[in-house]
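See the structures that follow.
Next come two complexes built around chain A: one with chain B, the other with chain C.
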Partner chain A sequence: MQGKKWILVLIALLSLSLFIAGCGGTTPEPKQEAEAPKEPEVKEKVLVFARGGDSVGLDPANETDGESFYVSRNITDTLVDYEDDNTNIIPGLAKTWEPKDKDGLIWVFNLREGVKFHDGTPLNAEAVKFNFDRWMFEDNAYRYEGEAYEYWGYMFGGYPGVVKEVRAVDELTVEVELTQPFAPFINNLGMPCFGISSPEAIKKYGKDFFKNPVGTGPFKFVEWLKDDKIVLEKNEDYWGEGPKLDKLIFRAIPDNSARLMELQAGTIDIMIGLSPEDATIVEQDPNLQLLLRPSMNVGYLALHNEKEPFDNVLVRRALNHAIDKQALIDAFYAGFAKTAKNPLPPSLWGYNDAIVDYEYDPAKAKALLAEAGYPNGFKTELWAMPVARPYMPQPKEIATAMQQQFAAVGVEAEIVTMDWGTYLEKGEFGEHSMYLIGWNGDNGDPDNFMYVLLDKDNAKVGSAGNFAFYKSDKVHDLLIAAQKETDQAKRAKLYEEAQVIIHEDAPWIPLVHSTPPIAAKKSVKNFIPHPTGGESTFWKVDIE
Partner chain B sequence: MVNYILKRLLMLIPVLIGVSLLAFSIIHMIPGDPARIILGERANEASILALQEKLGLNEPLYIQFLNFLKNILSGDLGTSIITNEKVTYELLISFAATLELTIVAMIIAVVVGIAAGTIAAVKQYSIFDNLSMVGALVGVSMPIFWLGLLMIWAFAYKLGWFPPSGRLDVAINVPRITHLLLFDSLLAGNLNAFKNILWHLFMPSFALATIPMAIIARMTRSSMLEVMRQDYIRTARAKGLPENIVVFKHAIKNAFLPVITVIGLQFGILLGGAVMTETVFSYPGLGRRLYLAIMARDYPVVQGGILLISFCFVLVNLLVDLTYNYIDPRIKLE
Partner chain C sequence: MKTIKDINTTITPQPLVDDKFTKSGGLWQDTFKRLKKNNIAVFGAIIIGILFFCAIFAPFLAPHDPENGILKDRQQPPSEKYLLGTDSQGRDVLSRIIHGAGISVQIGVISVGIALLFGTTLGVLSGYYGRWIDVGIMRLVDIMLAFPTILLALAIVTILGPSLKNAMIAVGIVNIPRFARIVRASVLSVKETEYVEASKAIGCTDVQIIFRHVLPNCLAPIIVQATLTIGTAILEAAGLSFLGLGAQPPMPEWGAMLADSRGYLRQAPWSVMYPGLAIMLTVLGFNLLGDGLRDALDPRLKE
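== the complex of A and B ==
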């Protein structure tokens, strides 16, 4: 009797598993060979890189999240690239490039010779044009259902945006014509989302290209097991210096503490998302090394410049004096951040280091508030986001600390929080008074901070990137002039000038530039954290 | 019997329609627009409108619901708005991982739970009884998250007996056919991989098993105690049957009904995925997939996931009811 019962349960489970097998078989999957693992003669060099979440997709053009670019930037190359630890531009797939006219309306790119995609097809001007057309035109035949290509629209101002046409002049020469001078153009092209993919593979895999990426990069895609790992292998035919690793594996390990224990146990080689308070554990472990990612972000408190009492510049300056930034950094970043005095992070060219920050001085803050007509302070709201961001690991706790610092100068701030999507939406509609937020740079161009966050063009109700609703004509003129200037030194001057005005107007309280800590085994060599938040230099990495 | 099963299966249809309506309304009632979450700090009016249109979120809600129902009827749960992957595929591979973990965990829970519960009942008030019931209390109350981290620290990092997380060593490849890796490794005839997978399964399944194990042990104990006081047990003993026959042949079977119910319920709950266990042990199961989908407001995945879980739950309950009939012939299924 009992035997029968278990058989019944077993049959049920078995049929369930067959059902799963049946359903799973309908979707194409990356090819895998059935092979018994053989012990390789020479030990393979495998590096396991662990992060908190899995990639969303591996078609760089259609992704928006850092976890996706982490992987895709090793598979696809961009026309131009960034230097190892900053955002200065170096050649990528394009050997050289130059403006054809003096306004910088037409750019000519000369591609490298003999570069091949992982599927064996050649990288040529036609392939580059194919990629551009797919990014630019909403009616392109190779944009598949549900694909939005957000980053192109974002960086180039819509579809097609500032790019008018891309022409394949000959086998290795590409011309890009713009509708207006656009200084960040070259820097934009170094972003991982503009990696060049194989046109043949895009046609072949269609809608499934996002899980079968093919580029020219130092590593080739092998397989992707959702929420678990993505495996890349060495591209033997890489055009540059070949990678030293045989395999590069990206694992998703959601819990920060568990990830650190894996590193200590030796099952992974590098981990990002180290909790700042765990940094001492890493420093004390003789087998581990601690690395810092250079900052390309800013965390700040936007003051709604059009609402009382923040429409008064004295109030805004007073609040700047009321916050002890270093105390916030010591308490919530374990010291892994720098105090911010400008909207730009110091690693970017154009950063104005001559500006002297509003020092922490509650007495001065009180005096300024009295001068502004608020001797007894006032009541207001302090909005805090519900999710950790790279520039702000614990927003609610930081808000609570700031609440106390404000209270010390008589400003009574009530903390308001809601879900992330609604938070952003209400912020864009300007429903807040004080709004915690921040920004991660995309392309290493100051325009990507200054224009996006502080120009009056972006202070539109309903789609504000300028959450402070700061509208300065003087700043606007400088920022637009900088967009049209192609000479970097002259642009830097314009940005420096804009920062002086912004400092005086004090539309924000700039808080921090975080430098997120990364932990790795000591045996990992030449891993260089990049400020953009991901590395395309894994081909240099070696394991001893 | 066949009629009964058919009737129960037919009843699935209204249940699932109700569940899909509920799933649809709940996830759409939660504030937060997926387009804004995807675009984050970079959202602007034009990009949000464009993305909503791409994702089909600009249609009126009832149209979206009708499309969802239409898709279900044709066996299609739609496409994830975040990953652009087929929802059916995405859910089933993570469900397979959860199923594997759940089965191993339930085997541990049932074997250990029933054994401990039975011994505790037979030797009531003995040291074993007291210890195992304290153990059960700890098992029920210990947060899995903490237990998991402790296990990783002790058994993976300090002692190195078990791998800290994942399903399989990164160096070993198994062709995924059913996505039940134990099964797949056997299909491939790869015993090495099979052992490796079991080795990986031990810690997460043990952590996952603690609560059901404790509940089963306690249920077995109390049910056994009740049965052991029955007249027919006294009769059996009086006619001189050895104690082990009394316990194993006469008592356990009769004490089993409530235990089966508990096992069924626990199995059904675990099949819904275990967010905590899966998160600590980086196990790519259904619980974490759904958690991520909810955070990203990935409507199709959440709706499909809830549907899948309710389907399993109803199915497991049906199995439990069928099992009753086998254990206790007095119960007639009609």
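== the complex of A and C ==
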């Protein structure tokens, strides 16, 4: 009885403290309302956008993660851009572009007139050439130690890769010469990593350019408080339609539920990385709106194909049979996802729907493991991301559930996690054995998934995008052929063929294609979630 | 045999012996009697009793598998099937708490064992031999005490790598200085007593004196400190696990359970509340018992 009384007292205390905390949240509100009319002349429009992790760096050329591009794509513009909610190409800094020859080996870009960088220097052909040279050449004078410029390598097949030369023909005309026809070329140039930065600023800041970015975009960089917030302000001289917001602030709030609480408390305006199960809370809140990002991603578990026991295809297939994808989706995606059987998302052309997925069958998995010489399973590591990703809002939960499913077939996996920057870096060096990760498409071209994630060209230790270190010559030949082919129907065939081989070799366990839910205040207008996982249309966004 | 018994029976009825003296059963029996009268300490002892009972009989007590949940049954509120509800992985919270008791007992005993062993050794060396040994050891202890315990533990785990074993080692190490100080203080006072001087006079070696005379007489404060430290050690280890540096998933460690569930405070408050309560009650139990023991071992202190 004594024990029970204690518990009752404790519960009473706990609920009282919760009640007090609840009251605390509501009291400041009337204050704000009272203060607002006092200073009507200021009325600065500030939008606070919150996500799970901070940017790694703000020099887009030298980063690979979505959190960095979220910010940088508002500061720098690309030569071409995508439409508001799809990946059709529209003009960016280049007004027009066309191939000079019929093979598409030389491309001519005509730049917009009168565009200025935030530091006042003009955007001209020389500036564009300067940027290209820095991306392309490993011995460029403005590259510093430890800078890998991974994305150029991912997209263009190395350094300099398929681009032979970039020439400034006159003030506003740039010519790019390729070594081979390259179908994804224009689509690639719209990616935020190929934003044009001010050459003068790159020279001025040197190694510190990543924290002092200067571009031509609708917003200018103001300050960055690491792991807290990045502040951008309106660029009054923007070449396009001027932004409606005065300030755009990107905050990093690692905990999904803490972020939602801040949104409900009104301290932030938009949040990504909403836990799917919280979607109903958002829908029921009269002050909030639920938005969905069109799906163009894949979440997967990369198996290190060069390490034992994953170098055995039977083991990889066995593990594919061990995971109940539908159960994971039911538990952790609240319906905002589909199971994956291919590396490509079904929304992309070239998706091979004829492939039959490895069905969930622990008995079969055990049999395959025994056949491979592991009748009692084995011990391994399961690496899990520390932050919510659009393709995987709760990586640790998913890792724990997968750990159980692996244990059921005798594979004992220890979950390993570390901070986000280190996680990516160690992955690029191939220090993992099983690596939970995913990819959000950047440009709507299958090449952006297949070549980046599964070609042997991108399985280089230190800058790998192919975290499975899957090296198949057959797949490589098909992917290169698809890059050279310009007929989309023929390219689709090549990608479909490559997916068959990949399915057989099973370098990954493809898990999900998610439709990431986003929550925003109702007062936020014209925020259009883009399938590439980030928006360069913040200049359209307004607050009522 | 018979004769001795006879002698005994003849002696007892004689009123020569002091009444008080016959009733007294030595230090430990006295302590136990005084402890029994202390209701709060008994309450603490009951909690600890339950904890140990759960720890030993966990596989029989727990109604479900603590590590493998049923994803379909995730975040079920407390019900007949799941008395304390389920967590985000569909695991039974009650079963996890029961299995977690064993882990907590292990943490408490092992880490305090480490602290006790090294702390006592350092304390005895420092108190008994004095001089430069004392100065050296005590400055080291001062340096360790200058760090906040959890910070020092964090640093140690970071070096050793996150695992439950290393968390226990870290918690053990950070608690060494407390034992070293307490033992040193007791040794200093015991060293000056007549019986130690007498042992020296008859030619006992240092080792004999330390183990036969000094240590047994320092036992009371050590026991009190050990009981109190088990409570804090469990709390510190839970803290490390909460930060992801102690027990690794899917182990049902209470701190790790809190960390796993804290994101679901709204959807599944039970999955956060009950492990928290378990930690709190356990620490409370050890603290109450420790306080009771202190009062019982040294009644003068109370008055």
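Miscellaneous remarks
The rule is simple: the second predicted complex is superposed on the first by the 307 of 544 C-alpha atoms of A that agree within 3 Å, B and C clash if a C-alpha of one lies under 4 Å from a C-alpha of the other, contacts with A are read in each partner's own complex, and residues count from 1 in each chain.
One rule holds for everything that comes next: a residue touches a chain if its C-beta (ideal position, glycine included) is under 8 Å from a C-beta of that chain, and two chains touch if they have at least 3 such contacts.
On a predicted model such as this, the values are computed, not experimentally measured, just so you know.
In the superposition on chain A, contact is made by A:Q403 with chain C only, not with chain B.
Once the two complexes are laid over each other on the shared chain, residue contacts for A:Y154 go to chain B alone; chain C is not touched.
Look at A:Q289: by the touch rule set out above, it reaches neither chain B nor chain C. When the two complexes are superposed, the chain touching more residues of chain A, out of chain B and chain C, is B. Looking at the shared chain after the overlay, A:D227 reaches chain B, while chain C stays out of its contact range. In the overlay built on the shared chain, the residue A:P254 is in contact with chain B alone; chain C does not reach it. Legend: residue contacts after superposition of the two complexes on their common chain; A:G465 is shown touching chain B, with no touch to chain C. By the touch criterion stated above, A:W439 is placed in contact with chain B alone, chain C being left untouched. In the overlay built on the shared chain, the residue A:V56 is in contact with chain B alone; chain C does not reach it. Residue overlap on chain A between its contacts with chain B in one complex and with chain C in the other: 2, 255, 257.
Residue ranges on chain C touching chain A, taken from their complex, read 43, 46-47, 67-69, 71-72, 74, 88-90, 244, 248-250, 260, 262-267, 273, 277, 280-281. Listing the residues of chain A that touch chain C in their complex gives 2-3, 6-7, 10, 14, 255-257, 275, 277, 281, 324, 327-328, 330-331, 394, 396-397, 399-401, 403-404, 407-408, 414-415, 417. Considering their complex, residues 30-34, 36-48, 50-51, 54-55, 79, 81-86, 88-90, 92-96, 99, 103, 148-149, 152-153, 156-157, 160, 163-167, 170-173, 175-180, 183, 188-190, 192-193, 253, 279-282, 284, 288-289, 292, 297, 315, 319, 322-323, 326-327 of chain B touch chain A. Residues of chain A touching chain B in their complex: 1-2, 4-5, 8-9, 12-13, 16-18, 20-21, 23-27, 29, 32-37, 46, 48, 53, 56-57, 62, 64, 144-148, 150, 153-154, 158, 207, 210-211, 225-229, 231, 249, 251-255, 257-258, 261-262, 264-265, 267, 418-422, 424-425, 428, 437-440, 458, 460, 462-463, 465.
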